[in-house]
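Shared between the two complexes below is chain A, which pairs with chain B and chain C, respectively.
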Partner chain A sequence: MASVVLEQRPAGSPPGAASRRGRRALRIATPYLLLAPAAFLFLLFIAYPIFRQFDISFYDWHIFPGVANPFVGWSNYSHIFRDPAIRTAAWNTLLFLVITVPIQMGIGLFAAAILTDRMPGRGFWRALIFIPVITSWVVVAYIFAYIFADQGGVANSVISLFAGHTVHIDWLAQTWTGNAVIWLISIWKGVGWSFIMFLAALDGVPRDLVEAGRVDGAKEVRVWRHVVIPNIRPTIMFVLVILVIGASQVFTQVFILTSGGPYGSTETLFTYAYQQAFTFFSFSYAAAIASVMAIVVVGLSILQIHVLRSGDRS
Partner chain B sequence: MSLTFKDELRAPTTRRTRRERIRDSQPGLFGIRTWKKTRLITACIFGAISVFPLLYMISLSFQPTGDILTSHPVLVPTRPTVINYVQAWSENSFGRYFFNSMEVALGTVLITVVLASLAAFAFARYNFRFKEIIFYAFLAALAVPSVELIIPQYLLVLKLHLTDSLFGLILIYASENLPFSIFLLRGFFEAVPKELEESFRLDGARTLRVLTRLIAPLSIPALAVVAMFTFNFAWEEFVIALTLINSPTHRTLPIALNFFIGEHTTQWGPLFAASVIATIPSLVVFLISQRSFQRGVSLGGIR
Partner chain C sequence: MSSVSLENVTKVYSNGYEAVNGLDLEIADGEFMVVVGPSGCGKTTVLRMIAGLENITSGTVRFGEEVVNDVAPRDRDVAMVFQSYALYPQMTVAQNIGFALRMRKVPKAEIDRRVRSAAEVLGITPWLDRKPTRLSGGQRQRVAMGRAIVREPSVFLMDEPLSNLDAKLRVQLRAEISRVQSRIGVATIYVTHDQTEAMTLGHRVAVLRDGALQQCDTPQVLYDRPANVFVAGFIGSPSMNLFEAQLSADGRSVKLGSQSIPLSQEVVDRHSALRRFIGQTIVVGIRPEDLPAASDERPGVEFKGDVELVEALGSEILVHFRTDAPVVVPEGTGALIDGEESPVKATPENDCVARIEPRHVVHAGDRFCFTVNPERLEFFELDSGITIWE
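Our next item is the complex of A and B:
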């Protein structure tokens, strides 16, 4: 990039050597000055906590003042592998990720494909599909808690209607149904985000290429496989990485809907870590869990980008 | 083909030529005519599924408690009432929580937009040492968001004496939103032609004026997207607020909503009324920024 920074002085200022040096210093400092406020907040509230997290995880750290915080080395980490509750939480988190991410992306891409071309009320449909994204998690969780209530919930009524007799499923009080409701609401709320990303990407697919493929007599599916999908690959990668990061730290919907119950069977890694920290005050153990998660998630992201990039080249 | 034929029969001449113009200027991914009906029906289904729970919530908010708690769900209010709204607003100092949330959301948007614009301007328009490294350091933080850092952030806020303060929330929310905002804005700012900036500077404009008078006005779509995402993040954030805010007077809306759920009884009616009120600002912000929205996403650095 050409250096375009030409600080203009008011006409009256003397062109002395000192002021010239000052101007040069200012020119060099400008980008850093522009960055400084954002960097300050970032370092204080994001970067420092990342290091602090690792730091705490090596101590038996207490929040109460005046209590000794002995250094315990890796013992918080080795405890992770001996904790049976965390296995359930890890399994639930993994299951959540594997189920919700591909479904969200699939539906999002499908809906984007449906709504990318002109059609009656296109803008309206697009807005409708995006609305769940902007609705607050707390609100969404409560509507679904009501819909899936055991007494008088719509879900049970609809099932009763089809079954021909009254059905009372206590959705949120059982492991599998509780998990299923959590998946469902996460997919429902998440689809709009992938949708809008894919919509933007499909907008950028060169239409003449698509037309050319079609003129050559290629079937719709082949056009998609060989022209459209390769063109939106960067977006697919971006959406996948962001969704995996998001899914790995699923929290709010679980916290509100089931609080990890019954008996910790719908617990996820972060509801578990949160409980360890703020209910049992085992900050160090929670920090160890979060640190492991951070490393796993960053590793996963790099791996995904790497795999998808190498697929690009072939 | 039969579909086209019918269309041509029905459509008046002027409309047909307009259609043809559109067809020529932007051939669709499916061809403009293929699957039109199927696509429309599918769109209806998607739209319906997306809004059903919300419409149902609105309907419930106008129902008396008796109807909400029956064993047979009432989809459309038969005995509409506004008692839930009156109750939601008058009890629990709901108005206060609403304005707390508004303060936090607007503060977060202001700080994020200003700081991210300045930083993105530096990344887009200047060369400096470690530029890309610093940029990727920001980006890497996308992999470690919200819930992940809650414990150390809590301890930090304790140390800074910012617990129970809305300002503390604003600072954390802004920090969490900076990486994505800078990422999006950088792509947009880079798209503003250099020649424009040079001529602007020759006219005597200083650095900040270039940003506020030239680059920002040309990047309204991206700024709208950043503002919308940031507003929504701050408006609905739950865990951090739950952890950092202790006193009832400083609660934000999501936390306040959570308190409608009692230990033994749930006040569904007021809860849904409050939920409807809580959703309105998000909707308004979305509708305002919606026009700019798609351009903002597609021109950002993602593609």
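Our next item is the complex of A and C:
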């Protein structure tokens, strides 16, 4: 209160007022100074590229210096809706999202529910589920490429063993099997993350609440429905939003396993955008695709949060 | 409604820890049984085994004639009030209270009627539409009670339901619990570590230590005739003063340090087993309220102590004093006396308490003279801590 009064004095401040003003300024500036390094990096590597991406999408932009970059308005965006290849990529991305996200969440929650503190050997099983998360996408993708290789692949060898004759399935060269392998690797590698999130969330559900549900006459399914799930709803919301964002940006596994082939049938929006940018050098078109994706993902996330929050309120 | 009986019930956890050891307890239909004991004595485990939330290692739990050892909690028809209240945070007060009825597929109109009725009994009707997070501790406790009584259960279980409340609210809700229990009239098992709650609420009180039953009786009997030093020290506030004392060769007096208290023929006859301890060291117990100031001229003999601390409580004065007699404090675990395992242990502080009338003037450092009435003395074996009676 005293410092406020001192601030209002135009002249004749008592001795020590200047140092008090200095301390107050430092106190106000401290949080901003602490934020500054992170804010600088964010602006440089996140905000600026996003801005440039939107900017480029309105030009016929070329990476080579000295070449004219004429303004083309919305034409890159209108091309998106006329491009048949992007429909396949969008469909594959949507299919990937609809299949992998619920399965990852389902398996993650189920595994977290059974690998509780009472489960013998839980440490081993927890590690087994989580290890794929911390392995490199590139390494894992190459291992899967080997497993599902046409010649000498593990999958074909195992099937041959059971079939009694040599089987040659070119897993990665066919639309559905190629997509299936991409889904499989994504679920296998990603399930550990949702598992860990749910494990932490379930650990936070008070034991008394679950037991109160049981004493109140609820069967296990209803205890889960009425007690456990409402208590881990914020985690469910978080996992769902993050997985949807991740699934919308699926890239590495597709790029390494099938490169979007055969004939673009396993292409996803990001591999397609990458191809447009770095194979055909259509940076502006790729930027337009990425911009639309960003808007869709943000919109989806807001929608999910809204839906889950309204469910919570009800 | 039904009675509850525990027959030789034992609980050993997977790590080998024995929480309850061969417990036998009978709770009649409509009876209010309080299970009391220090932290870690196994009282909550007993309650959880009755609720079915904990498996029984051996023994039998019956509700009426039915053995319920393997019956799931939801099928036991018990209602439980948890220490944390365990209210479902996403539900309103009305939904919390009606949850158990909903799980039993009771028609909605009937649920509404019973929820309102329970809410009226507990005076929580204005909060029915609120979420538990918007209620105070006392209000939450009432909701937890409401959730339990709306069920009209066969057995009512309460796990330290007042321990999270402040002292004033605890006194208020204690009376309310007593009122509600007598109204619903079902067998109630109430767990607490607070002996005041135990004494005021229970028709009978079971005192546990280290998973073993020490004594189960009415509060007055526990107070007047404790079965051992543990019960003597646990029941009563401040607790009973316990001294190491020498029973004289003729068995007609006990010596507490340098002070001797003569025992009348009546006392010797009443505690006939004292004869076995003639010339031996025993434990003598004196309640603080049985140590009035000598100037009050109550019947008895003088007993002097050096005053250490005076606590004036308005209605009474608690005088902490010392004598040269070694004081014994019951322990949760056994201690060594003369190389033998014993449930009693001499305390180095030798601190004793007397409760005297507020009109007396007493200061720390005074040598104060109390009166001891030999009729009011309790005697215990030094080694086992068991009371010496007939």
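Keep in mind that, in the parts below, the second predicted complex is superposed on the first by the 297 of 314 C-alpha atoms of A that agree within 3 Å, B and C clash if a C-alpha of one lies under 4 Å from a C-alpha of the other, contacts with A are read in each partner's own complex, and residues count from 1 in each chain.
Here, a residue touches a chain if its C-beta (ideal position, glycine included) is under 8 Å from a C-beta of that chain, and two chains touch if they have at least 3 such contacts.
The shown structure was predicted, so the numbers you read here are calculated from the model rather than taken from an experiment.
**Q** State whether A:A212 touches chain B only (first), chain C only (second), both chains, or neither.
**A** After superposing on A, A:A212 lies in contact with chain C but is clear of chain B.
**Q** Does the superposition put A:Y48 against chain B (first), chain C (second), both, or neither?
**A** Only chain B; A:Y48 stays clear of chain C.
**Q** Which chain, chain B or chain C, is in touch with more residues of chain A?
**A** Larger number of chain A residues touched: B.
**Q** Just checking: does A:M119 make contact with chain B only, chain C only, both, or neither of them? Give me first, second, both or neither.
**A** After superposing on A, A:M119 lies in contact with chain B but is clear of chain C.
**Q** Contact-wise, after the overlay, does A:A247 reach chain B, chain C, both or neither (first, second, both, neither)?
**A** A:A247: touches no partner chain.
**Q** For A:Y142, using the defined touch cut-off, is the partner it touches chain B, chain C, both, or neither? Pick first, second, both or neither.
**A** A:Y142: touches chain B, not chain C.
**Q** With both complexes superposed on chain A, which partner does A:P230 reach: first (chain B), second (chain C), both or neither?
**A** The answer is second: A:P230 touches chain C but not chain B.
**Q** In the superposed arrangement, does A:R222 touch chain B (first), chain C (second), both or neither?
**A** After superposing on A, A:R222 lies in contact with chain C but is clear of chain B.
**Q** Under the contact rule defined above, give the chain A residues that sit at the interface with chain B and also at the interface with chain C.
**A** In the superposed arrangement, which is not itself an observed complex, chain A uses residues 208, 211, 214 for both chain B and chain C.
**Q** Using the touch definition from the top, list the residues of chain B that touch chain A in their complex.
**A** On the chain B side, the touching residues are 22, 26-32, 34, 36, 39-40, 42-44, 46-47, 49-51, 53-54, 56-57, 60, 69-73, 75, 111, 114-116, 118-119, 121-123, 125-128, 131, 134, 137-138, 140-153, 155-156, 158, 171-172, 174-176, 178-179, 182, 194, 197-198, 201-202, 204-207, 228, 232, 235-236, 238-239, 243, 253-254, 257-258, 261, 268, 271-272, 275, 278-279, 282-283, 285-287, 290, 293-294, 297-298, 302-303.
**Q** Which residues, counting only chain C, touch chain A once they are in their complex?
**A** My answer: residues 51-53, 72-74, 76, 78-80, 82-84, 86, 88-90, 99-100, 103-104, 147, 151.
**Q** Which part of chain A faces chain C closely enough to touch in the complex?
**A** For chain A paired with chain C, touching residues are 206, 208-209, 211-219, 222, 226-227, 230-231, 233, 312.
**Q** In the complex, go through chain A and note every residue touching chain B.
**A** Residue list for chain A touching chain B: 1-8, 28, 30-32, 34-35, 37-39, 41-42, 44-50, 52-53, 56, 63, 111, 113-122, 124-125, 127-140, 142-144, 146-147, 151-154, 157, 188, 191-192, 196-197, 199-205, 207-208, 210-211, 214, 220, 228, 234-235, 238, 242, 245-246, 249, 251-252, 255-256, 270, 273-274, 277-278, 283, 286-287, 290, 293-294, 297-298, 301.
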